[in-house]
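Same chain, two partners: chain A is paired with chain B first, then with chain C.
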Partner chain A sequence: MSSTTAPSGLARARKGLAPGGPGGGSRNRKDLNRKDLNRKSKLSAQTSRTFFWLLLPSVILLVLIHGYPLFHAGIQATHDGNLIETGNFVGVENFANVLSSPAFWKAAQFTLWFTIVGVFGSWLVGLGLALLLRTKIPAGGTFKVLLLLPWVVPIVVSSTAWNWLVATPDSLIPSIFRNLGLGTPLFLADPTLAAVTVMIFKVWVSFPFMMMMISAALASVDTTVYEAASMDGASRWQQFTQITLPLIARSTYISWILMTIFCVNDFPTIYLLTGGGPVDATTSLVVLAYRTVFQDFATGPGVAIAFLMTMTLVVVSVILYRQIRKSSVE
Partner chain B sequence: MNVQPAANRSFSRRGFLGLTAAAASVPLLAACGGGSATQGGGGAGGTIKFWDMPWAAPAYNDAAKKLAEGFSGANSKASYQIIQWNNFYQTFSSAIASKSGPAVSTGGGFQAFQFEQQGQIAYADKVIEELKKNGQFDDFLPGVLDPFKTDKGYVAVPWQLDMRPLWYRKSLFEKAGVEVPTDWATLLEAGKKLKSIGAFGFATGSGAGNNIGNHTMILMMINNGGGVFTKDGQLDVMNDRNVEAIEFMLELVSNGIIDPAAVSYTTDNLNAQWKDGKAAFGPYVLGVPERVGDTSGDIVVASPIAGPHGDKTALVFPNNIMMYTNTPSQEASEAFLVHYMGQIKELWRQKLMNALPVFKSITELPEFTSDPNNVKIVKEYVPIAKTFASQGTALSADLAALDGGQALNQFTQTILTGRTDAKSALQAFESGLKSVLKK
Partner chain C sequence: MSAVLHAHPESGPALGVATTGKTRRVLSEAGMRGRWWRFALILAITAIVLVPIMVTVILALTPAPNSTTTGLTLENITGVFERTLAATWLQNSLITTLATVVVSVAVAAPAGYVLSRGRSKAVSGYSLLLFVMQSLPIITSVVPLFILFAAMGLVDNLMGLTIIYVGSTMTVATWMMAAYFDSIPISLEEASWIDGCSVFGSFSKVVLRNSLPGVLSTAIFAFLLAWNDYLVAIVFLRSNEIFTLPMGVQSFFQQNLTDWSGVMALAVIMMLPPIIVFAALNKYFSVGGIGGSLAGR
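And then the complex of A and B:
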C-alpha cells in the first residue's frame, strides 16, 4: 500500500505517475501504456481499414465520374481525332494552334468582358436591390419573389422573350427607340450592340442570385452596430463603406467566385440569343469550344480550349479564394 | 443481453463491405464489358434497331414507328427510336463507338459519308438490287440516287428531298407594281421597288440555329454556275462565278433589299417576317404557308431564277437512310430497309412530310398534288437541283464540315452585315474551310 501524502499524490497525479512509486509503478504504467497503445493502434488500424473500405466505393465512383472523363479529355486534347476516332498523337500541337488562333483570342476577350460585366453588373444590381429590400416596404415579400423570376425562369424561355423584345427593327425596344427619335438600333445584328445586349441579358439573368446571397449576408449583420455608428456620428455612406461592405465581404467574394465560374462556363445565355454571332462578336470560349467540336468535328482543338478555360478558372478561383481567407482573418 | 461475438461482428462488417464492393463493381464490369452481343447494334434476337429523327410534327414519328415495327422478315423484327437533333452527331458517334448504335437509321444529310470514312457503314448495293427487282428503282426521281454512289458501293438510300425553293408573297408584288423576278437583274429591280413599300425583296436569316442564310449563299453561287467544289470534289472557292455571286449578294445588302437585321434572324424571326408581310421573296424550305401560318394562298412558290450567265440551278439536300456494319444480321438490315422504302408512301399519303418524296409514284398521289406549290417544285426545281457538292454529283464527308461548320456561318454573317468585299470574304471562307477539311 502506498504511503504518499495527499499533496504529493496530487502532484504525482498531475505528473501522471502511479501510486506505487516511480520504480515498480513506472514499470506497471509502461505496461499499461504499451497495452493501451497497442489496443489503440489496433483499434486505429481497424478503424482506418473500415474507413478505407467504406470510402472505396465512393472513391471508385468519383474516379469514374471525374477522373475518367478528364483522362479521356486529356487524350483527345493531344490527338488529332474526331468524335469517333482518337486519331494520331500530336502532343501539344492542338494547344499551340489554339493559342495562335485569332478566333481564340477574340473569344477570350469577349469572355473576359462578359465575365467582368456579368459578375460586377449583377453584383451591383443585386446589392442595390438587397439593400432596398432590407428596408420596410409594402409587399416586400412579393417583390422578392418577382425579382427572383429572371433566375427561376428557364433560360430557353427568357432568351426567347429577349429575342422577341429586340431581334427585328419592329420589335418592342427598337420601336421605342424609333419613336423617341433615337433611330432603329439593331440590337442583335450589329456586332457591338449584340455584345452589349448579351451582357445586359446576363446581368438580368444573374442579379437575383447575387441579391439572395447579399440578402442572406445582410440578415446576419447585427443592427446595433449601425446604431452605435450613428451615435458616433457616422454618415450613411460611411456606414455602408465601413460596416456593411466589410461585413458582407466574405459572401461577396464567394458570390464573385461562383458568378465568375457561371459566366465563363455560360453556354445557353449566349448560344440561345445570338448563337455566338454576328460574325463571332459574341462567341465566348465555351461557345467556341462547342462549335469547334460539334460543328467542325475537331475534338483536339475544342478540348484544348476547354482545358485552357479550366486552367484559367482555377487560377482566378484561387486568387479569389485567398481574398476570402484574407477577409476571414481580418 | 444480446451481444454479438467479436468474430461475428467482424465477419458481418467484412461481409457487408464485400457485398458493397461487389455491388460497386457491377457497373464497372458492365462498363468494361463494352458491346456484348446483346448490346450490339441490332440488339438480341435479330431485332433491327431503327433510329429516326423528328422530321416533322410528332404525328410523323408515330406513323414512322408503325411502319418500322410492321417489319417481319429474315427471321427478324424491328424496334423504333426517335433521336433528337440536338447534338445528334455525338449521340450517333458515342453509340456507334460503344457498339450500341442502330443497325439502320435516318440522320444528317452527310452523316452516312462521315461514318463510311470510319468503316461503320454497310453498303446498300444489295438493297438497290432488291429495289430493282421490285420496281422501286425505276420509280426514283431522276438523279436522286447518283449522289450516294461511290467506288465502293451505295453509301445510303435516299428517301426524301429537302429542297430550298424560292417563295414570294403575291400581294406585296402587286402593291409594289412589279413582276416576280426571273433573273438577278429583275430581282435587283424588284427589290428596290419593294423596299419603297417597306418590304424586303430577298428574305433570309443566319441567327442562332438558322442555316437558311448559309444555304442562300451556296444557292446563289451554284445558281451562277459556281460553287464550293469542282466536278472532281476539289475545293474551289475563289472562282470568278463565286466572286460575282457574292458581289451581287453584297449589292442586295447595300441596297437594303436584304433586311439589315437578317444576320441575327432565327427561323422564328424569319417566319415572323414572312407572316407580317415584310418578306416578299426569298429561298426557304417546303411548306412555308403552313409554317408561318398564312394559308390564304398569298405565299406561293416562284419559278427558279437565272443567273447573269443564264445558269438556273436549285439547291437540294437528299436525306437518306443508312445501314451500319454493327447489326445482328446484315441480311435483316437489308430486308428492313427494302420493307421501309416500300412503306414510306404512307407518310405522304397522311400529309405528314414537310419534304419532297424521292419516288415519282408519291409525287402523283392526290394528297401530294393537291398542293400546287408541291407540283411546281417537282416540275421546275427537281430537274435542275444540285447538292452542296456544287458542280460535282457525289456527296462526301467534307460536306458535313461545310454545312454545319463555323466557316460557312461566319462567311454568311460577314456578307449579311455588308462590312466586307467579296474577295476578302471568300478568301477567309476558303481558309476556314481548308483548316477544317484537312482534318
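And then the complex of A and C:
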C-alpha cells in the first residue's frame, strides 16, 4: 500500500459521502460551472440527449435491482404472504408482531453490541497499528501489507480457518488453553463466549480497513506541528489528544459511519462462523431476517425486520454525518 | 512466510545496519533500541494476526490424515479437483466475477461521466438516490428479487446472480467513476469538441482513455464484491453444479465429518485471486478497497 495513493482514496471516500454525491469539491465545481456556461449555448440539446443515453442503463438497473424490490418489499411487509403468494393485507401487523417478539429484541441487542465492538474495537486496533507503523520500523512497509491480508482474504476462507482453530474442544486454540491449565473453553458452543468470538472475528476482519483509513489521514498531517508542540513542552499524550485526534477526526467519523453500516448489514461474518447459534446467542437482525424468510418462510415479518433495521441505520448515519459536517467546519 | 515471521528479533541488527546505514549514526542508542522493540512488537502482532491464514495454507499443503505422503504436497489441491466439482465452482466464480466486472464498468463509467459533468437538478438528485440505495441492507431487496427471479427462471442461474451483483456494485461504482472523472480537466473535452467530436465521442475517446486508474479501482471493487459474496449466492443458488466457490467451500461442512485438507485446499484456491489482484494492483487498491468494503462484505 503506497502512501501516495491512500490520501486520494480517502478524498474519494469523502467525496462519495458529500451531499449530492461526487464532484463536491468547491473549486472543481466552480471551474466546471464557468466552462459550463460556454458550452451550454452550443451543445446543450445534444448534450442532454447524450447524457440521457449514457445514464439510461444505470437507471434501468437501479429501478430493477433497487427500486422495484424496495417497492415490492413495502408490499410484502404489510401482507401475510410467503415466497409464493403475496397473501392478504395486514397493515402494520407484521411490524407490531416483530416489535413485540423477544427474538427481535434479543437480535437487536446482539446487533448493537456487535456493532459497538466491531466499530470501536477495529478502530482502536487500527489506530494503534497505524500509529506504530508510522514510526521508523525495519521492514515497516512489509508489515503494513501483511496486516491488510485479513481484509483481503474472502470471509468464506477466513471463517473456515477460524472454525478449524476454535470450533471443537479438540481444536488448536482450546487445546492450547487446556495445556496451559485454563480449562477447555467452548468458543462456539457457550452462548456468551460464542458472541465474544464472533466479535473478535469481526474486529480481526475489519481492523485493516481502519488502519488504512487512519494511515491515510495521518500521512497528511504535517510533522512539524509535533516538533513545535514538544518545544512548547506538550507531553506525548497531550500531543496525541490535542493534535493527532483532532486532525484525524473527519476520517474517523467517516470510517465510523462506514463500519457501522458494514456491521449492521453484516451477514457472512456471523452466519459462517456460528450460523446465529448457539441458542440464537449470535443471531443479528440480518441473520434473523434471513432465517425468518428462508427458513420459516414468513416473508412479511422478515422484510419488516429488514425495514426496521434500515430505519435505525439511517438515523445513526445521519447523526454521525452531522458530526462530520461539524468537524470539517472547524 | 512463517520463517520470516518467526525470526527472532535479536537476529535482526545486521539487517538494521544494512538498511539504515545512513541514518544510524544520527539515531541515539535509545532510539535504536526503541526501533527494535517496536519491530519485535509489530512482528509478534503480525504473526498472531496471520495465524488463521497460515493455518489455511499449512493444512492445504500437508498430507491428509489418511494419506501416506510425507512432507509438503499438492495432493490435497489435485484431490479436491478430482473428488469434488471444484473445477466447475471455480469456473462459475470466474465467469460471474468477470461478467460482473465488465458490465459494472460498462454501466458505471457512462453514468459516472454524467454525474461528473452534468449540473442539472435531476443529476444531483440521481446521485443522492444512489447513496440512499447503497446504504439499504441487501437482505431487503433479496427477498423480492428472489420472487421476481423465480418467475423469470433466474434462480439457480449464473446470469441471475450476475445481474444482482451488477446491481449491487453499480451505486458505489458510479460514484467511484464520477470521482475520477472530476479529476480530468474539462478542457481536454473542449478541445475535442472544437475538433468536431460529439459529446459521446469525447467521452469515449478522450475521457475514458485517460481514466485507466479510475476504471481499475472500480473493477477491483466489483471483482471483490462478486468474488467474495456469500449472501446472494446462498439465497439464489440451489444445485451443486451451479455453485460458486464460496458455496463450494461451505458445502464441505454439510457432511458430519469435515474433510479439512480438502476444504483448506479449496480455500487456498479461493483466496489466491484476491491476493494476486492485491499484489499486482495495490496502487489502485485503496480506492477500490474502500468501495469494496462499502458493499458490506
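As a convention for this text, the second predicted complex is superposed on the first by the 265 of 330 C-alpha atoms of A that agree within 3 Å, B and C clash if a C-alpha of one lies under 4 Å from a C-alpha of the other, contacts with A are read in each partner's own complex, and residues count from 1 in each chain.
FYI, a residue touches a chain if its C-beta (ideal position, glycine included) is under 8 Å from a C-beta of that chain, and two chains touch if they have at least 3 such contacts.
Remember, it's a predicted structure, so these values are computed and weren't measured experimentally.
Student: Who does A:Leu64 touch here: chain B (first), chain C (second), both, or neither?
Tutor: both
Student: Looking only at chain A, is it chain B or chain C that touches more of its residues?
Tutor: In the superposed model, C touches more residues of chain A.
Student: Is A:Leu83 touching anything from chain B or chain C once the two structures are fitted on A? First, second, both or neither.
Tutor: It touches chain B and chain C both.
Student: Between chain B (first) and chain C (second), which, if any, makes contact with A:Leu147: first, second, both or neither?
Tutor: After superposition on chain A, A:Leu147 lies in contact with chain C alone.
Student: May I ask you to decide whether A:Phe294 touches chain B, chain C, both, or neither, giving the answer as first, second, both or neither?
Tutor: After superposition on chain A, A:Phe294 lies in contact with both partners, chain B and chain C.
Student: Could you say whether A:Thr135 touches chain B, chain C, both of them, or neither, answering first, second, both or neither?
Tutor: The second partner, chain C, only.
Student: Tell me which partner A:Thr50 touches in the superposition: chain B (first), chain C (second), both or neither.
Tutor: Both chain B and chain C are touched by A:Thr50.
Student: Once the shared chain is lined up, is A:Leu272 touching chain B (first), chain C (second), both, or neither of them?
Tutor: both
Student: Which of the two partners, first being chain B and second being chain C, lies in contact with A:Leu186: first, second, both, or neither?
Tutor: In the superposition, A:Leu186 contacts chain B only.
Student: Go through the superposed model and pick first if A:Ala194 touches only chain B, second if only chain C, both, or neither.
Tutor: Once the two structures are laid over each other on A, A:Ala194 reaches chain B alone.
Student: Across the two complexes, what residues of chain A are contacted by chain B and by chain C?
Tutor: The answer is residues 50, 53-54, 57, 61, 64, 83, 160, 163, 271-272, 294 of chain A.
Student: Which of the residues in chain C end up touching chain A in this complex?
Tutor: My answer: residues 12, 15-16, 19-20, 35-36, 38-39, 41-43, 45-46, 49-53, 55-56, 59, 106-108, 110-120, 123-124, 126-131, 133, 135-148, 150, 163-164, 166-168, 170-172, 174-176, 178-180, 182, 186-187, 190, 193, 198-200, 203, 227-228, 230-231, 235, 245-246, 249-250, 253, 260, 263-264, 267-268, 270-271, 274-275, 278, 282-287, 289-291, 293-294, 296-297.
Student: Please output the residues of chain A touching chain B within their complex, sorted ascending.
Tutor: So the residues of chain A in touch with chain B come to 50, 53-54, 56-57, 60-61, 64, 80, 82-85, 160, 163, 167-170, 186, 188-189, 191, 194, 271-280, 291-292, 294-298.
Student: Any idea which chain A residues touch chain C in the complex?
Tutor: The contact residues of chain A facing chain C are 1-2, 5-6, 8-10, 12-13, 15-17, 19-23, 25, 28, 31-33, 35-36, 38-39, 42-43, 46-48, 50-51, 53-55, 57-59, 61-62, 64-66, 68-70, 72-73, 76, 83, 129, 132-133, 135-140, 143, 145-158, 160-165, 172, 204, 209, 212-213, 216, 258, 261-262, 264-268, 271-272, 286, 289-290, 293-294, 299, 302-303, 306-307, 309-310, 313-314, 317.
Student: Using the touch rule from the top, collect the residues of chain B that touch chain A in their complex.
Tutor: Of all residues in chain B, those touching chain A are 13, 17, 20-21, 23-24, 28, 31, 87, 89-90, 93-94, 96-97, 114-115, 118, 120, 206-209, 259-266, 268-269, 272-273, 276, 278, 400-401, 404-407, 409-410, 413-414, 416-417, 419, 436, 439.
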